[in-house]
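The letters A, B, C and D name the chains in turn, as written, and every chain counts its residues from 1.
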Amino acid sequence: MTEPFEPKITAFVCNWCTYAGADLTGTSRIKYQSNVRVLRLPCTGRIDFMLLAKAFARGADGIIISGCHPNDCHYTSGNYHARRRWMIYRNLMDFMGIDTARITFSWVSAAEGAKWAELVNEVTTGIRAMGPYTEYKQLANAGVE
Amino acid sequence: MELREKAKQLLESGEVKAVIGYEPGTQGARRPAFASSAARTGRLGFEGEQNLASYVTRKEVKRLGRVAVAARPPVLRALLQLMAERQIKEQEVLPLVLDADGQVQELATAQAMEEHLALSPQQIPARDRELMDRLGGMTRQERWDFWQGELSRCIKCYACRNSCPMCYCEHCTMDCNRPQWVPVPSHALGNLEYHMVRAMHLAGRCVECGDCGRACPVGIPIHLLTFNAEESVHAQFGQRAGASSKLDYALSTFRPDDKETFIR
Amino acid sequence: MSENNIYLPYLLRIAKITEEAPSVRTFRLEFVDEEAASSFDFKTGQFGLYSAFGEGESTFCIASSPTRKGYIECTFREVGRVTAGLADKEVGDIVGFRGPYGNVFPIDQWRGKNLLFITGGIALPPLRSVIWNCLDLREQFKDITIVYGARSVNDLVYKHELKEWEERPDVNLVCTVDPGGETPDWTGKVGFVPLIVEQLAPSPENTIALVCGPPILIKLTMPLLKQLGFTPESIYTTLENRMKCGVGKCGRCNTGKSYVCKDGPVYTLDQLNQLPAEY
Amino acid sequence: MADMYQLASASLDPLFAAITASGRRILAPTDQDGRTELNPVTRFGQVAKDYVQTTLSAKEAVFPKVEQLLSYTLLPGKVDLVDAEPAAVPTVVFGIRPCEASGFQALDAVFNWDYRDKFFNARMEQLTVIGMGCTRRDDACFCTSVGGGPGSTRGSDILLTPTASGYLAEVQSDKGRAIVALAAKLFTPAAAADKSMLVALPAAFDQPALSAKLPAMFDSPLWAEQSLRCVGCGACAFVCPTCVCFDIQEEADTRQGRRLRTWDSCGYHMFTLHASGHNPRETQGARWRQRIYHKFSTYPERYGQLGCVGCGKCTRACPVDMNLQEHLVEASQA
């Protein structure tokens, strides 16, 4: 018997907006799917592009990246820098054939507890439909004799 | 005045300590050549492939003193970008170019370099453009298969990195091991992550000389990865690396109205 | 029948951790496998590759004496990935060890001779193995003199053993710290090691000198010893080049034609003089 | 003394079939997208027709670019260590040049001169080399300067030399005889060795004289001068059939890990860098010198053979035409 596929989703969120927003989701008793592992970073500006690649390499089927809305960054401009980086990185990943549909970028503020739940639910449903990201997971053992 | 004569003059007057150009190599190739005395200028020429700007940041070359460089447009762009990144100063390098009359001209200032470059528009070679378009037309899965096939041949010799004029870091992120950010072994994951990091680190900095791809001993078109990153900077932020010695790094700046379509 | 895997380490359990100096620790390691524990043997001067599983292998000498059975000790400073991984370990944790590798200090040939140890900072551990080896066979040697220095009092390693050597009547320990590194209650000398050696002016008569230290110590001490009349054959040191295999294959530890992992790590000054300075 | 046979051109297809049927994998040069590399084949027709050399070397068959040395599981207070067994499959390397075939002996010298390397040995044991004598050469070739030759049998279990009607097969070893036995009727005994089609390649320098003078040239400014254009990559070392230097790398998470051996190069700054920041070979000149000395001075002294077979792969792979032969000639004349 094979277990039904439960996607692993890694969420990289900023400390000030999205993490607080996700906290609000909890304190508001809004239920959402439990497939997400939240990794809190100080700011989206700190979310190095390689963290995304590392998440896939370590078995993530989907990735959420979320931080403060433009203009609301705790450090004034971290999210603007992050946005530029994503604009380039997303194109590059797509060019290399990495499945960018498995990566969701979002702005979730500290007041948007409901949006966080909605985001996680949507992403989880989407990734569940896509299935496991097998081809990336297989890289770990390919090319070693 | 032709290059050899100019080189001789510059070395004899002591204006530069070495002239870097090209000379006939073996196997019908032309290769980089260093002339450190007037007696050694006899084979120097402008024609060759390796981007000579990759030498001017090397410790062994910096130690020589001021150098003159036979500078085709990609070399000039790389030199300007190195100035923008504060890796070389105007007075450390003297680019030599051929003017419209076939005379060797000294471009002693960044401004002169920029003006000379403005004469020849920057273009990705047709063959590369064609392959990029072909890749663009593929499905994601086809692109994945294409790159996995290509990168499986990678032996991680770092010829691409070491040939690149913009890869001057003394301690490359590939060599960092606390943490071990990118796997050292040349297995599938190590190769993919290496080329991903290389392309991202060159986004907004790649002068599109294509030398990484040319250097690859196993013929992987890796230059297309940095081209993609650079083109995407140009398309979205409107600037090209190597255009000016005063260029801001595209990824360390931003505009509040940067336009994207994928963040929800 | 397949051959043995020469890259497979022994497993050792950390029995004791001693904090020696800032980011310098000594591990006492005991073999997990009893058979290995009883069959394992080494000679002073040899080294091994220690694994922090998860991080990799790093090369250090064996800092304990072969006369002390049942365990080996290593002393390391936390500087890189592997040593940081080792520094995270606690008593009871498992580390790997491959060895013993390399040549030895020929102490059998030194019977009846005076021994002069000159060392500084974190370079004492390789000589500590020799010192204890010789002290455990004390009657075989004549005078034993140890000149040891560090940047500051706090940077001296093996502080308890230094005290023990100081108290022993059959050891002449001269301890020094660099100017500015002394504490109010410091009773030892103040000054760089070569200077102290110069003041001490040891006699080369029937004496073997063992010098191990940072490049600057070696660079300044060697001419001094020569001046005092020591022959290049009577001066020993131990080299540490980067290694990956330890068994003469990975190709990086050579200095000229000599492989530090196989022909070294112990060299006389005479041997070093015949090699290019690739260390 | 080698057994000599004639092998008709048409016999290679049935020979390949017999080898494949015996369960052996055949690696042979194939042309793909303008690149000639060793790839698994089952028919002679797949083999490249017109090549001087493959870019990469056959050493990969016995010394892969990444191989696992061991793995482990981490448990509280316990480490479960698992020895790695190389998955060595019976392999015939077909059509490599005599220079490259002799490279296996240089690898063997290092892997087994003292401690024995079971990974190399397990793969080597399963390897049969069918070399192919050279009827062509290019500018990078210099085997005759380093003791080899277009028809040298050294390192080949069977050396095929093209003749007007097919091939001369010189069978050198039991492994070679085992291949002959697979299709004995294809091999007809030859009375004389016809090597008339082999290409001529005069020696370019006096290698013994060069090796003899190298120790005294260590401090020569020549090495720094020669290496000025070297970009310090590892292409030369990685394509070299004899370059054996390797790195050992650990890959692990909090629960398990593995130790991998990967190719490494003396051209890299990192190769000898100490943790303290001190580097015994700080400049590219010192690293280039190491490359030359290791092959032409250390090897002969230590292992009684050269660490270079004159195949020229390094020269062809170099992005800046660091022509090894040319530099050796220069050193010989310095």
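Some observations on this one:
By our rule, a residue touches a chain if its C-beta (ideal position, glycine included) is under 8 Å from a C-beta of that chain, and two chains touch if they have at least 3 such contacts.
Here the structure is a predicted model, which is why all the values come from computation and not from measurement.
Farthest chain from chain A, judged by C-alpha centroids: C. Taking each chain's centre as the mean of its C-alpha atoms, chain C lies 39 Å from chain D. Separating the CA-averaged centres of chain A and chain C is a span of 50 Å. Chain geometry summary: the mean Cα position of chain A and that of chain B are 34 Å apart. Here the CA centre of chain B is 47 Å from the CA centre of chain C.
Shown for chain D are the residues that touch two or more other chains, namely 65-66, 247, 249-250, 253, 260. Counting partner chains per residue, chain B shows two or more touched chains at residues 180, 185-187, 190. Residue numbers of chain C whose C-beta contacts span two or more other chains: 80. Contact between chains, per the stated criterion, is found for A-B, A-D, B-C, B-D, C-D. On the chain D side of its complex with chain A, the touching residues are 64-68, 86-87, 253, 258, 260.
Those residues of chain D that touch chain B in the complex are listed here as 33-35, 37, 55-56, 65-66, 138-140, 224, 227-229, 231-235, 237-239, 247, 249-251, 260, 262-263, 265, 268, 270, 283-285, 315-317, 319-321, 323, 326. Chain B contributes residues 177-178, 180 to its touches with chain C in the complex.
On the chain A side of its complex with chain B, the touching residues are 49-50, 53, 57, 70-71, 77, 80-81, 83-100, 104-107, 119, 135, 138-144. Residues 25-29, 31-34, 50, 54-55, 58-61, 153, 155-159, 161-163, 175, 180, 183-187, 190, 211, 214-215, 217-219 of chain B are the ones touching chain D in the complex.
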